[in-house]
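In this document, chain identifiers A, B, C and D correspond to the written order of the chains, with residue numbering beginning at 1 in each.
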Amino acid sequence: MYDLFDNVPQKEIKCLDHGFVRLIDMMPRLVPDKEVTADAAIVQAARVSYGAGTKSVNEDRGLIRYLMRHSHWTPVEMVCFKFHLRLPIFCARQMVRHRSASLNEISGRYSVLPADFYTPDVDNVRQQSQLNKQGGDIQIDENVAAKFIADLKHTDLEAYQLYEKYLEAGVSREQARMLLPIGLYTEWYWECDLRNLLHFLGLRCDKHAQHEMRVFANAMLDLIRPLVPMTVEAWEDYSPYRGAVLLSRLELEGLRQEIDYLMSRVNASFGWHGETINLRKLAVVSENKREQQEWVDKARLFGLPW
Amino acid sequence: MYDLFDNVPQKEIKCLDHGFVRLIDMMPRLVPDKEVTADAAIVQAARVSYGAGTKSVNEDRGLIRYLMRHSHWTPVEMVCFKFHLRLPIFCARQMVRHRSASLNEISGRYSVLPADFYTPDVDNVRQQSQLNKQGGDIQIDENVAAKFIADLKHTDLEAYQLYEKYLEAGVSREQARMLLPIGLYTEWYWECDLRNLLHFLGLRCDKHAQHEMRVFANAMLDLIRPLVPMTVEAWEDYSPYRGAVLLSRLELEGLRQEIDYLMSRVNASFGWHGETINLRKLAVVSENKREQQEWVDKARLFGLPW
Amino acid sequence: MYDLFDNVPQKEIKCLDHGFVRLIDMMPRLVPDKEVTADAAIVQAARVSYGAGTKSVNEDRGLIRYLMRHSHWTPVEMVCFKFHLRLPIFCARQMVRHRSASLNEISGRYSVLPADFYTPDVDNVRQQSQLNKQGGDIQIDENVAAKFIADLKHTDLEAYQLYEKYLEAGVSREQARMLLPIGLYTEWYWECDLRNLLHFLGLRCDKHAQHEMRVFANAMLDLIRPLVPMTVEAWEDYSPYRGAVLLSRLELEGLRQEIDYLMSRVNASFGWHGETINLRKLAVVSENKREQQEWVDKARLFGLPW
Amino acid sequence: MYDLFDNVPQKEIKCLDHGFVRLIDMMPRLVPDKEVTADAAIVQAARVSYGAGTKSVNEDRGLIRYLMRHSHWTPVEMVCFKFHLRLPIFCARQMVRHRSASLNEISGRYSVLPADFYTPDVDNVRQQSQLNKQGGDIQIDENVAAKFIADLKHTDLEAYQLYEKYLEAGVSREQARMLLPIGLYTEWYWECDLRNLLHFLGLRCDKHAQHEMRVFANAMLDLIRPLVPMTVEAWEDYSPYRGAVLLSRLELEGLRQEIDYLMSRVNASFGWHGETINLRKLAVVSENKREQQEWVDKARLFGLPW
């Protein structure tokens, strides 16, 4: 048996100024063969569905791509990852909204919380976007940034000194902590199956996620990619949060009109209807027969000639 | 306050030969105004996110469409529906896989199960598809169908008579039931929030779902549509299980090539590059500014001229 | 049909200095009869289990008590409550750990957060307990308390002024908020079924919960009690977080020894074994036959004479 | 690193006539030291709560017992188990109600289901209990049992032959299966964290569970016990489904009365109040100080002298 962790390039990634993501454990962890990855656990579970029918079967990569393309997510739950994270409270508050994970966090009622606060770099203090109400991607004026950082550091330091002072004076930890700003770092163990993890990563690696959250999500993705390479590859191809695009019913209609218009122009220029265009074969998007057929079916929806 | 159930055209739909779906209750049930639907509960929850910012806000329909288009699903959890279903065990076995619902089923340990079994109509006995391993949509030869139905009825009847006989002989209900085929009807209360209900309906109203399951899913959809009309409308437009289409990264590339080719043919026929085409405005797919902008962004991905 | 909300003594309870719990909606909301409560939805779902067997049936209260006593929790999921809460972030962080609820919170990325912070009363600043590492119940010296409150107010005010200043200077809301302490109030809609709500209340109304959290949990309990009176009554009687007591295997053995010892003393004083004692009937703890029988069975475990 | 599976006495247990439970994988699987068990993952997660406070710490067993005694269940979610089961459909239908597990089942739409049906042994055909409506534990008359088994076998065989016949005639698998009785074996991979697994085992190893289900649940318990020995031991001591007993508020009152009565008898016989009895120390139920203190607190509730 081989330990999948033996071949992982890294098991920890530093994030922001005092944070980290550490990969602690996973299931499956041991595989029978050096070439096998944790993708195998997904394939194994999926194949139980075929029972005796498994004989005439797809190879693993094809099966995983099929599962992902058709939202057959349950076998993907058979892989689990456990992380140890250190992240600011405002990130933790976003992450905890993903209710399918298990987590254990350092308790501010039991423990004295360490004096680490997140402070952005000068070139990472961002302007409020007017269009995107959620946040901003554009750097703010450097002077403003420098002052903001200085005031933030000062606020954090003062708050922490008061926290220490009142702990010493005997105030309960659960109340003294009310002084502390939400940039304070917290820590937790966070365990999640791959299905729910990919859902989380789709939302939190996305450009609409807050930059600071994205740093942690991207680190998690980097840590798991070599362990479930086929699944991540398929997800990159088929998730609308990654390389895929979702066309609404309205957009589908719009696309149809556009192609119709282009076709009419082409045909008009030749004086007859569609012949030349129709002789051309539709682009090949996949060697996989089934996937190519699915593409042909969609192309028909758009009115593409083939 | 108005009771939303007062204006519902129907609260029960018969399904298959002995089954039904009944809408028992929902939340919200009472609304302050005759014009208001349960969509309002989604809007209310979504707007808490904007806090003081709610003043300069979208109207309800636009907000719901925005939420659905961008997978902001949590406000959709604020609406709940409770159903009473009578369905064959093989359907119940599929439905119970949707783990986010709450359910209470008639117990074959406590109760004597009633003698109702599902038998398909002659024109609904289906051939095994060779392509689609899951099932089939094509009617089988009528003679085979008639014999199958007769044998099925006979099997069910004989099994039920033995069940009764051994109950009378004192065999425990929990064991006597082992005689009964999975076409037997069962009953349950099934409660689910609208987010998870739409996920369920996406999968089970789909053409890949088993016909018998689809009958129940479609009935549920018909029952809720008038109660959350905006949400269902948006879902029909934006769900890849309904009117929308998901283009994989590979298909996106294929589409780009096709459009590129069409463009080159158009331009070739005019002897210059793209001018005529570019003068044309891209199709308008929505009056909603934001939605139209999203379409423009996707059209650019495809290389559509505008 | 009667609206259950019409007879509720209160639908909002003020909590701490700037917080509240408001009951927004519930399912079931309408009942056919003035005497009926939402307990009826639990009974209805439970009875589907008995199918045809429902004829010879328990009355509602007895059935609900039976369900609670035997941890038949699924019918209790059929009742849902929706609340609107305003609570400090450090409480929100505890509450969000209950993953079975649905929630929508005001977003510090979208909105400017209002300037309300929690400050305890002088007589509610607590000492750190040495025994109970979690918190403390004993009031701290009044001078310390007064200083703590003053410093907390000052910290909150300064932080909020900086927050406003940097928002004005154009810093993104998602970053400016990092200045704000975790005593800041937040707001959310929170929806939960009664099974999971009682589990939450068991933990958070408990004396081990932080005082500030308990205030909100108790308010929620007070709001729902008149709406599901039988269920809450049964829960008070049977939950080890309320009036019931869980005896571990070791304690059970201990109790047996104690009773054995007492019995031996009694018998010794009379010079024979157990006769007198055995003549006495065991205490009647319930009119309900089944419940009394369960008590007799437990009393036997302890070695109690009867 | 040591593979926990290397020291497991068994990884598969045969159940009923054609079923089995196989332990396929777990997390954690590798431990740094031969003496360590998977209990360590629980301890590790629990200790993150104490942060810097971990220095003055309990040893592992004590901590696990503390967690279990006080329902601090979240760290127990950090251990996961994956099983492969073969079980009759009527058992599968009970097991799937535990919604926190992940599962993949052989599909009767994709595959031809194998011809295995459960048939009880003659001495395991049970009478319907009149008291316990759920089932029965008492063997039925052997003649009835033998006939029941013969009829069951015959029904199963005939049904399966028809199933094969109609598959051959081209009827879709998803419809042909409607002939098959619920004693048919099915197969699945089933993955669950230890918290939810223990909850499942509490209910399904219990004497109220159906015998056939209990066989599978007990097999699962036997497979995991050597892998998380401390956790299972603590669960046996503290779960009301195992060695512990839950006293309702009413029973607590009853116990108090009983003890009061015994005390009065003892005291009466000596002519004074409680003195002798009070001199005796309360039974020691645990070496663990905190646990003993909890026992003292409960004993006070009962009015036990100490």
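Keep in mind that, in the parts below, contacts are C-beta pairs under 8 Å (C-beta built on N, C-alpha and C of every residue); 3 or more make two chains touch, one makes a residue touch a chain.
As the structure is a computational prediction, the values presented were derived from the model and not from experiment.
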Comparing B-C against B-D, which pair counts more contacting C-beta pairs?
B-D
How many Å are there between the centre of subunit B and the centre of subunit C, using C-alpha atoms for each centre?
36
Could you give the separation in Å between the centres of subunit C and subunit D, each centre being the mean of its C-alpha atoms?
26
Quick check: what residues of subunit D touch more than one other chain, meaning two or more?
53, 74, 97, 107, 110, 133
What graph shape do the protein chains here make by touch: line, ring, star, complete or other?
complete
Of all residues in subunit D, which touch subunit A in the complex?
1, 3, 25-30, 41, 44-46, 48-53, 74-75, 77-78, 80, 82, 84, 102-107, 110-114, 187-189, 191, 193
Seen from subunit A, its contact residues with subunit C in the complex are 88-90, 93, 96-97, 99-100, 107-110, 118, 120, 125-129, 133-136, 140-141, 144, 148, 151-152, 155, 158-159, 162, 166-167, 169-184, 210
Parts of subunit C lying in touch with subunit D, wherever the complex brings them together
53, 69-71, 74, 97, 133, 203, 208, 236-238, 240, 242-255, 257-259, 261-263, 265-266, 269-270, 276-277, 280, 282-286, 291, 295, 298-299, 301-302, 304
